[in-house]
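Structure record follows, encoded as structure tokens.
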Amino acid sequence: MNAANYLYLSAMLFTIGAVGVVVRRNAIVVFMCIELMLNAANLSFVTFSRINGDLNGQVVAFFTMVVAACEVVVGLAIIVTIYRSRRSASVDDASLLKR
Amino acid sequence: MNELALQVGQTAAPEAMLFWILAPLTLAAALGMLLVKKAVHSAILMAFVMVALAIFYIAQGAPFLGIVQIVVYTGAVMMLFLFILMLVGVDSSDSLTETIRGLRPIAITAAVGFGGLLVSLLGRASIGRGAVGIEAANSEGNVEGIAQLLFSTFVWPFEVVSALLITAALGAMVLAHHHRIQERPTQRQLSIDRFRGDSLATAAGLPAPGVFARHNAVDVPALLPDGSPAPASVNASLKARGDVLDSSHFELGTVDTSVEEEK
Amino acid sequence: MMSSHSLVYLIALPLAGAAILLLAGRRSDKWGHLLATGLSASSFFLGLYQLSLMLSRSNEQRPVGQKLFEWISVGTFNIDAGLMLDQLSICFVLLITGVGTLIHIYSISYMSHDPDRRRFFAFLNLFIAAMLLLVLGDSYLNLYVGWEGVGLASYLLIGFWNQKLAYATASKKAFVMNRIGDMGLSFAIMIAFATMGTVSFTGVKAAAEHTSTAALTAIGIMLLLAATGKSAQFPLQAWLGDAMAGPTPVSALIHAATMVTAGVYLITRSNFIFDAAPTAQLLVVIVGAITLMFGALIGTAKDDIKKALAASTMSQIGYMILGAGLGPVGYAFAIMHLLTHGFFKAGMFLGAGSVIHGMNDEVNIRKYGALRKFMPITFATFGFGYLAILGVPPFAGFYSKDMIIETAFNSGGIKGIILGSVTLLGAGITAFYMTRVMILTFTGTSRWDEEVHPYESPWLMWLPMAILAVGSVTSGYLLSHGNALVNWLSPLFESHGEHDEFLPPMVVSGLALAMVAIGVAIAFLKYSRSDVDAVAPSDVSIFTTIARQDLMQDRFNEAVFMRPGQLLTSVLVKTDEAIIDGAVRGVGRAAMGTGATLRGVQSGFVRSYAALILIGAVALIAAIWVVVQ
Amino acid sequence: MTWLTLLMALPLAGSLAVAALPKTNEKLVKQTALATTLIVMAATIAMALGFQRDNVELQFVEKYSWIPFFGINYALGIDGLALVLILMSTILAPVVVLAGWNESHGGRWSVKTFYILILVLETMMIGVFAATDVFLFYVIFEAMLIPVYFLIGGYGTGERSAAAVKFLIYSLFGGLLMLASIIALYVMSGAQGGHTFDLAALSSLEMSSTTQDLLFLGFFIAFAIKAPLWPLHTWLPDAAESATPGTSVLLLGVLDKVGTFGMIRYCLTLFPEASKTFTPMILVLAVISIIYGAILAIGQRDLKRLIAFTSISHFGFITMGIFAMTSQGHSGATLYMFNHAFSTAALFLVGGWMISRRGSSTIADFGGLQRITPVMAWMFFLAGMSSLALPGLSSFVSEFLVLVGTFTRYPAHAVIATCGIVLAALYILIPVQKALHGPTTPGNENLSDLNLREKIAIAPVIAIIVVLGFYPSPLLKVINPAASHVIAQLGFNDPVPTNGSK
């Protein structure tokens, strides 16, 4: 089995995540899609680590996880705040940038 | 395709089997995330994808990451997601009809283009040498190897990331913190308000909810002396949410007023 | 050339007068006119002193120069502020300061009721200074300064009563038409510098010998253009009639005696150019001939006494220009006619001023009549001037005009016959219209309005008139006695061989007198025998109508220059706004339009931004895909 | 002695002093500003006295490293050309301050801000003429826009904001083209002996003719916008119409001169070959500017716009003189820059007083001022006469030098340009007639004549106009060596008299 297959899988997961960010309105689902993209990237890192035979890729994936965790924490806090004031978790409702 | 790059060599057959079984499932779960209406179903599918990825990590010689993936991601992060989902309403289901005109076709076209280009790029890519395999790097143990790197080469990023984590935690607290609009009333103030209010009826405090002796839940109104429910005894927010139980069947059906006092 | 240190004072005195009067303002109201007159007179006496010095020297030593300071010096273009007084300039200096002083004296009384008399005298002094600079400058560029200076003074004086819009317009018209002439002078100077490398009179004279005829012709034509502007010659004659808007002393000094003759000065001064450029010379003659007829014809139809005199001035200067165009033989006669004309025309203008003064500012000769009885002195002085302009012997005009007619006949061939006939005919018409003015003004029955009580002017006014009248009588004889003026000027001009006499002088004089007699007779028959309407009759022939409208000169200018010019201006203003600035604003608007369009992309929806990022990523990967083959 | 830095520092110090004053004491603010400008003027004259006029090298040279990494220096130095223009700027500054004593009232910001802007602008006006480092020049060239932008937009009248924005964007556009050229020069200098922005070093660069043409255009368009050359002129009438008279004086008198100054100092020096290539086209544009500006001036109804258009005509003369490549044309153009500043200053200041008294800038609203306000009318008339180049006034000398200088090499251009003098008579005499002559029209009866302050402000300007008309030698002696030097460096000799052989 070719390790490149993992990369193809990673690319597809990443693409699915990207589509999800664009098409889904629920902020939490959008967040999950972002997580999916990050995880897809991590899979690539791990695979590259294997291909190259050193652990740098895994360390970077580790950092990615940490950063993703931070992002989830802050992002969910924002969602909660928005939800508290708007009673909605739809990203379309928060379109104040336009005005 | 034989000249191809990323010639990693043949992996062991069990791994191939694992991959070919799990990878389609992962893809299907990921796609499912997009297609299901309920966010909570999405979350469960997401958890599945993460576990699958953790398995892939372990299969690729990254047991540390695989464990972290399960513990931190599937365990903590996904729990957080579910927790928030519960908070904002687990029952709510999204409408999947698109409201921004033209967005969906654009997104799908772009995604197909993106994925196609990425896959075809990967197909052409070359690093100029054969695959090495992770075994040598893991010779002293995967965790030890990563620790070695983290505390030597990557120690500075590591520290920065820890600062980031703390900042994020603080940030989450600040964001989620509820700001008081008014000063919190003191007991003295409350007492004054009670006595100087519209009527002295509330001077002794609001009646406690629940029908004594039969029911003492907070969502059941108390009964007045004539047996009718007392609306003031239930918290306003429960009422607003519509979570107040009907107390009519606890009413005293008939009050026997004919009983004469024993002399 | 000898140098002198005192030439500058000729100019400096009146200039100082102008400066003092203008800067001191109202404070000098009481004594300003006296100061100005005094300064003008002292300039005149300085001129006499210079003349006496000149007379005491031999012919070759007579010109003197004075270098004041270095004016403009760049590369090879070196112009000193330098003055030069020679036999030609001294004639002008004396004419300008002499007649100028007389007119100063006259104006003391004439302008005594005007609140702005001081300003008037300041302008008069400014004019004297500028005119002296014009005739004393030792290079074309110095002359140019005086040339525009007199234009400025003329502008200020024509528009002296500029609260009347028509007068202000007249002054503007004069300035602008003069500027067209000035442009010619600029061209002449530029060509002279480009071809000869110098613009001083002596330098150009020396260089003219080595210069091609084409260049000299170009310079000559440009000088002629300048002369036509300043001297109101065809085709730039239209301003002179309107210039009569100025106070009458101004008309006498500037628009009769001095400034308008500057063109004659310029051509005579540039004799070395015209002598070597026959084409230019021929043009000069043609311009002179056309103008002399043009002016004469206008004169026949004018009812405004000053405009009639102005037309006559135009015509007489035509004679001078024609004379100057006849080459070496003609220069001296042109100057002689210029000098005699300075006397008699100034005298007549002052007489006209006296009449206007006595008639409550009425200028229409149809409303005059029988003034002989009321204004005897004015009648007498005006009459001497009249006889002089007609060329009746022994009055001044006889000597000078006959000489020009004679020279015209003698210029040879068909050209001589045509020019001679034109000048003769002009003399006849002059006799006609001057007699008309004379009869309508002084004889016949009175036609003035009831409230007018004509009276003779005070002595301050008639004294200058009398002096000028004496000049009108005697100057011709004095200047031509023993060829005095011709001999005086001869060192300046190339000597010339004797021309064949086409007609003997006696015959020419006889012919001229006959023409004059015919003109006078027609006028007598037409105006003396029958009553004259106080209002100009309207049922007149088409020719009279045209003549009344100055031979359509204004209409022509309006139709050919003014209206198209105005049209061009308004079109350009609109074009500038719409097209050039429109293009600039268009760029701005295009930017804003682009922004407004792109603004639609900023929908505010996070997801559409995300979609854009996705598209960007696709583009990026596509780029990598293409580049990294 | 570091004269030039001192000159630049003085107004800056003055602006700091003004900034330190209380906002409410407007009189003190104005007096401080006036005193500063007067000191600067005195210092400039003192410096000018020490100028060696026959020395064609740069004088009062200063050089300090500014941004060593890019080889950028704070380098100053002046020749005759720059000296004359600095003199012009520093003499105009106190005149403007004194003449526009009240024009800072009614602005968007305080009186104090107005004078701070004016003083900062003065520093830059000196710097832009003195800079010998191309980058320093560019920085000041662009920075000058800022105070002017605020002066127009904050203290002007009418559609001041729009005019200010138009001015700024138009100028910035030109400046960007120039910046591109400057960077290209810098890059090329790196390949030929070290990165530098030094003017002298850059002028000896080797480059292909195409490169030179393109870079020349970058500089030239920037300068042609500044010294508005047809068809890049449309910002000027708008800006002049909206700006206060004092600002207009500085804008037309000094800032626009940076354009013509730049053509000599940068276009000709850096790109001699390209200058020759483009000369025919530029001359045509200059001639068009002369005639076009004059005709449009005739067609204007607004006094300020009229003056602006006359300036476009005058800038045509200056440009023509520069590119005629003769010593007369060059000296004449430089002298013209100086004279134009003063005749336009006189026109704008007196016109500004007329407008502020009448409350309208439409020419038709005036009438008969000669009788009501004689002194003001005379000053306007004199200024107008100077603008139409009456002999005996300063503009004549320069205009005639330009024409003569052009004629010896390009007779046709000179002939057409000379027609401009007739148009000049029209564009001056028409407003003179409408505003000053004729009967007094309603609304003008009670206008007051010039007061003492205004008389004192305008007197030196008129004096300069008259004195330089008769005695321009002191200036010409400073200008001539510099002008001849530029011409000689370009390899031109004055045409010799042809004796009509051509």
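For clarity, chains are labelled A, B, C and D in written order, and residue numbers in each chain start from 1.
In this text, a contact is a pair of C-beta atoms (placed from the backbone, for glycine too) under 8 Å apart; a residue touches a chain by one contact, two chains touch by 3 or more.
Everything quoted here is computed from the prediction, not taken from an experiment.
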A-B compared against A-C, more contacting pairs: A-B
Centroid spacing, where centroids are CA-atom means, of chain A and chain B in whole angstrom: 15
Whole-Å separation of chain centres (CA-atom averages), chain A against chain D: 62
Geometric centre distance via CA averages, chain C-chain A, whole Å: 94
Centre-to-centre distance between chain D and chain C (centres being mean Cα positions), rounded to whole Å: 37
Shared-contact residues (touching 2 or more other chains) in chain C: 603, 605, 607, 611, 614, 617
Sequence positions of chain B contacting 2 or more other chains: 100, 103, 107, 111, 114, 118
Multi-chain contact sites of chain D, meaning residues that touch two or more partners: none
Category of the chain touch graph - line, ring, star, complete, other: other
Chains grouped in pairs wherever the two touch, ordered by label: A-B, A-C, B-C, C-D
Chain A partner contacts - residues on chain C that touch it in the complex: 602-607, 610-611, 614, 617
Parts of chain D lying in touch with chain C, wherever the complex brings them together: 166, 169-170, 231, 233-235, 292, 295-296, 298-300, 326-328, 331-332, 368, 370-371, 378, 385, 390-392, 396-397, 400-401, 403-405, 407-408, 411, 414-415, 418-419, 421-422, 424-426, 429-430, 432-433, 436-440, 470-473, 476, 480, 483-484, 494-501
Touch list for chain A against partner chain B, complex: 1-9, 11-20, 22-26, 28-29, 31-33, 35-36, 39, 42-43, 46-47, 49-56, 58-59, 61-63, 65-74, 76-81, 83-84, 89, 92
Chain A partner contacts - residues on chain B that touch it in the complex: 4-8, 10-13, 15-16, 19, 23, 26-27, 30-31, 33-34, 39, 42-43, 46, 49-50, 53, 56-57, 60-62, 64-65, 68-69, 72-73, 76-77, 80-81, 84-85, 87-88, 94-95, 98-100, 103-104, 107-108, 111, 114-115, 118-119, 122, 127, 131-134, 136-138, 142, 145-146, 148-150, 153-154, 157-158, 161, 164-165, 167-169, 171-173, 175-176, 178
Touching residues (chain side chain B, partner chain C) in the complex: 100, 103, 106-107, 110-111, 113-114, 117-118, 120-121, 124
